[in-house]
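As written, the chains take the letters A, B, C and D, and residue 1 is the first residue of each chain.
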Amino acid sequence: MRKKLYDLLNHQAPGSLQRGSTVFMVVVIFMSSIALVLTSEPAVEIRFGRLLGAVEVVASLVFLVEYLLRIWTAPEQYPLRSSWSSRVRYLTSFMGLVDLFSFLPFLLMLAGSQQTPVLMLLQLTRLLKLTRYSLAFDLLADVLHDEAESLLVSVMLMFIILIFASVGIYTFEHQVQPDAFGSIPHAMWWAIVTLTTVGYGDVTPVTVQGKIFATLITVVGVGLVSLPAGIIASGFTEQLRLRRERFQSEVEQLLQDDGHLSSEDMGQLERDRQELGINRDKAELIISQVQQREQQWLRKHQDSGGTGAHGTRT
Amino acid sequence: MRKKLYDLLNHQAPGSLQRGSTVFMVVVIFMSSIALVLTSEPAVEIRFGRLLGAVEVVASLVFLVEYLLRIWTAPEQYPLRSSWSSRVRYLTSFMGLVDLFSFLPFLLMLAGSQQTPVLMLLQLTRLLKLTRYSLAFDLLADVLHDEAESLLVSVMLMFIILIFASVGIYTFEHQVQPDAFGSIPHAMWWAIVTLTTVGYGDVTPVTVQGKIFATLITVVGVGLVSLPAGIIASGFTEQLRLRRERFQSEVEQLLQDDGHLSSEDMGQLERDRQELGINRDKAELIISQVQQREQQWLRKHQDSGGTGAHGTRT
Amino acid sequence: MRKKLYDLLNHQAPGSLQRGSTVFMVVVIFMSSIALVLTSEPAVEIRFGRLLGAVEVVASLVFLVEYLLRIWTAPEQYPLRSSWSSRVRYLTSFMGLVDLFSFLPFLLMLAGSQQTPVLMLLQLTRLLKLTRYSLAFDLLADVLHDEAESLLVSVMLMFIILIFASVGIYTFEHQVQPDAFGSIPHAMWWAIVTLTTVGYGDVTPVTVQGKIFATLITVVGVGLVSLPAGIIASGFTEQLRLRRERFQSEVEQLLQDDGHLSSEDMGQLERDRQELGINRDKAELIISQVQQREQQWLRKHQDSGGTGAHGTRT
Amino acid sequence: MRKKLYDLLNHQAPGSLQRGSTVFMVVVIFMSSIALVLTSEPAVEIRFGRLLGAVEVVASLVFLVEYLLRIWTAPEQYPLRSSWSSRVRYLTSFMGLVDLFSFLPFLLMLAGSQQTPVLMLLQLTRLLKLTRYSLAFDLLADVLHDEAESLLVSVMLMFIILIFASVGIYTFEHQVQPDAFGSIPHAMWWAIVTLTTVGYGDVTPVTVQGKIFATLITVVGVGLVSLPAGIIASGFTEQLRLRRERFQSEVEQLLQDDGHLSSEDMGQLERDRQELGINRDKAELIISQVQQREQQWLRKHQDSGGTGAHGTRT
């Protein structure tokens, strides 16, 4: 029974119970976050304060129960460890802390503590619980891991260009606009607002040299700053390609063993497909392509080389 | 005749009549939308009010006639249903409602109702009729469907970072700027304007801590917010690749059956090409590549293995 | 000699003379455009007016001479036409008009006409002459042609969302801000500034409903507006892939004819490489890969099937 | 020993000493740059001025020592040259100058020279030393080199559209707003701020014609200006693909020589993998795919053609 509960909490249970529980958790997480945000608005607080408070109480209780259940089922997650060791492992894991913070601030407030911004930020860590509910977060995590070095370099490049932009604009503008460009850290605010193309317009260069410098730095910098997004997007494409190739290798392997795909093989492929997050359409296309290539090979072989071998395969 | 009319309305008729009717409908849709927009400008309304009104009348009549014809030809769309069932099906379909709204508001106005913003928005649904006139909308729909989960995750990420940004900036700025950052929902306006890099500059952080927080959130957030565009763009590439592969499979299949492409096969491929929305140049390249590979294989086989089999194929 | 001059004007002449003439023309085009821009600045005009005027005179003369030479060499461009027919063809072609406008406004000014903005814009068409000087413009033209339908759809989508955004914001804001949102065309200015993420901040929504609507439209719209850039970028990748495949087909064809690449074949491939705009490194990689595959095939064949055929190829 | 030191300075030494030295240098570069930036802020300077000065002294000494060591080990870098020739070569190389500038300004300041913006910019060249510490900079350099022509064309297109936008907006706005749009170079500031979507809002068109022109130029221009980022991103994808193909060719070559990968082959592949900057996971996938294809080929051959040849390979 602990196994079943563990599967349910981790989306490995079959059917509609799983779907219901997932939707329930996602809704609770979203509702409680929205309630938290709305509470800060005085006009809303006066009229709906009690309703919003109730949403928070219910959500915190749900998260508390979930936390206790996850502690209980932790041994299923780490089967090679002892019960207690596996529970300590969960309690100190990143997601364990996220689960703790999702209800702890509320308990503190019940215990008399005031609502403070820090408590509010802690409560919002519950949004990170959402990452459990889609394979696409895994995909994103894989992409970030794969492209870690490229992204690091992008960040370094951004840092380099940010420093150059700040020092340059400081040089040209700090005498004319001592308020906005009084020091390099101040100038950095302009640089970041410009390089990300946000461009509030609260500080802008006014001297001719400053404008020329800003032009150059903008043209070069805007491209560099949009690099990480480009890298992540192309990493997505690459990661999906890699996963398709892995699936194809698997199909070829299974087909090669005995020349056709048994229903057992199909079950295996279906599990692989889900794990790799491949679209059903694409999976079918890959399977049919591999089969076609195989048949093509066989047919040709029977025509020519195969005949020479007196048709050992029919 | 009903069949011919149905084909004409759905761009499956051949030749110049089809082209003429498509151009006519696109022009009517565009002109009537522009007329609607211009009517709201008093200076234009005074001088060209009657002309714009006439455009609207004509367009509404065209849409009404189109609607009636589509109702009449609905049985061609759903051949397996009875006439009435298929008509009810069309009337309650999404595009059926779009077609209805494209002239209904005008009839209401004729019947004495005032021009209201809601009526205006209803009238503008006629722009959605444009989606009938290009295969590329199909492509976009396929991409959105394929990448649905990635896009959902992007939206969730955007939501998460939006909440964090709002709470953070509220924390740092609400005491100094109680007007602009008086509550988290207010702060959210700043967050959305910043994260999308629109950056109006109507609200900006002024405290040092607020600016440092804004810098961090901007650098991280800008990348995440541009993710959906990147995903859609890479989905486009992927979808086009998938369609090319499907076309190639089809060519291989046809070529394999009897060793060459008959004129019947070419007709089939031309239909596939149009349906898959593949460029004529690319289609020809794919066909010639498949043929070349096939010939290469045959040639080699005759040299070596084929000789061993006493040349069963020549 | 006319042939040589034609080759020189169209970058098909060999060696350093070609390079010199290309650099010269590019420099003249850039310098004269910059001079034109600087002339409009009174402070610069007073000090360097005569110098800038001289640059303009020289450039116009260069363009005049180029124009006459192109008229003379036009028959080389259209070898199947008669001399006069080919010249008329050039004179009425798009680039012929661009060449004409590059010096005509200056002649008009010499003849007493005032410098007017329209004349200035005509003069700037000389910038379009730059498109002759890089194969990458061809690549861009191919991409735009290939992706024409996708881009058209993007523009239609942009138009649709622009209209919806304008009507929506007009609905919510025109009573509170009658100046900025007094009519839908006025509201369209806000919509375009917001959807392109330029975000000047000269007009922004102030009502709560307006801000909520703006949030929704921004999140959806920003992705759609960046679609064309994504399509063009992925079209670039696709176009480059297509060209590499064409080159590879060519290599396979040449290799298949007689089993190795003669120096004549290499010359042919070098011409193809330049025409397709493929990097030298990539071309070499493709050639070596094709050769390796071919050798691999031969080797394997000699081991097994080839033995059965008593080694017809060695 | 000089060889060992050279390897250490250039990240070719094995183990933890290398890692420690790399981290140390990166930290020194970052810390000293941040110190430089903070010194310009009076509030910080008063409280932490001595600490920041000390950081600068230590960093400059570290860079001085590094410089001397690099001069000493230069012969290892250019083994074919004489000791002195190789040292001169290093001293006059780009990175040699960067290394020199990283400590020279500080020596000048010690010698009595004032801190000036120019000196500050020179000091910041030390940030370029960071490019030594990641293979991803190599990748970026390769991409920039490969896509040089496409990028050049993008820059030319940007220049063309910038000029057209400036002249156009000048035409429509210079009479109404003589301050902001008094000349074309002034109008260029608006054009660059708009086309890069920074959109400060310090200068905006106010006439109807100006706004219509701005709308058109923005829609067209924004796409073109984001082209370089798209080209670089797709160049990244392409470059990574090229490197994977090179690695695959290498694996095929090694496997073909004697039918399996010896531990010596694996060592070679590991070196190639590092040099090409390929992820360990991807490398393993490529190797296993090549092996699988090879085995598949062998197996099929033994079944049919191989039998005909009386099983020459087992």
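What we mean here is this: contacts are C-beta pairs under 8 Å (C-beta built on N, C-alpha and C of every residue); 3 or more make two chains touch, one makes a residue touch a chain.
What you see is a predicted model; the values in this text were computed from it and never measured.
Counting hops only between chains that touch, chain B reaches chain D in a minimum of 1. Rotation angle for the C-alpha superposition of chain A on chain B: 90 degrees, rounded in steps of 5. Judged by contacting C-beta pairs, the busier of the interfaces A-C and B-C is B-C. Relative to the C-alpha centre of chain B, the farthest chain centre belongs to D. For this pair, chain B with chain C, the centres built from the Cα atoms lie 26 Å apart.
Centre-to-centre separation between chain A and chain C, using Cα means, comes to 37 Å.
Annotation for chain A: residues 188, 197-201, 226, 230, 233-234, 237, 305-306, 308 touch two or more other chains. On the chain B side of its complex with chain A, the touching residues are 146, 149-150, 152-153, 156-157, 159-160, 163-164, 166-168, 170-171, 182-186, 188, 194, 197-201, 204, 211, 215, 218-219, 222-223, 226-227, 230-231, 233-234, 237-238, 242, 245-246, 249, 252-253, 256, 297, 301, 305-306, 308-309, 312-313. Across the complex, chain C meets chain D through its residues 33, 36-38, 40-42, 44, 117, 120-121, 124, 127-128, 130, 134-137, 139-140, 158, 188-189, 192-193, 196-202, 225-226, 228-230, 232-234, 236-237, 240, 277, 279, 281-282, 285, 288-289, 292, 296, 299-300, 303-308. Residues 197-201, 305, 308 of chain A are the ones that touch chain C when the two sit in their complex.
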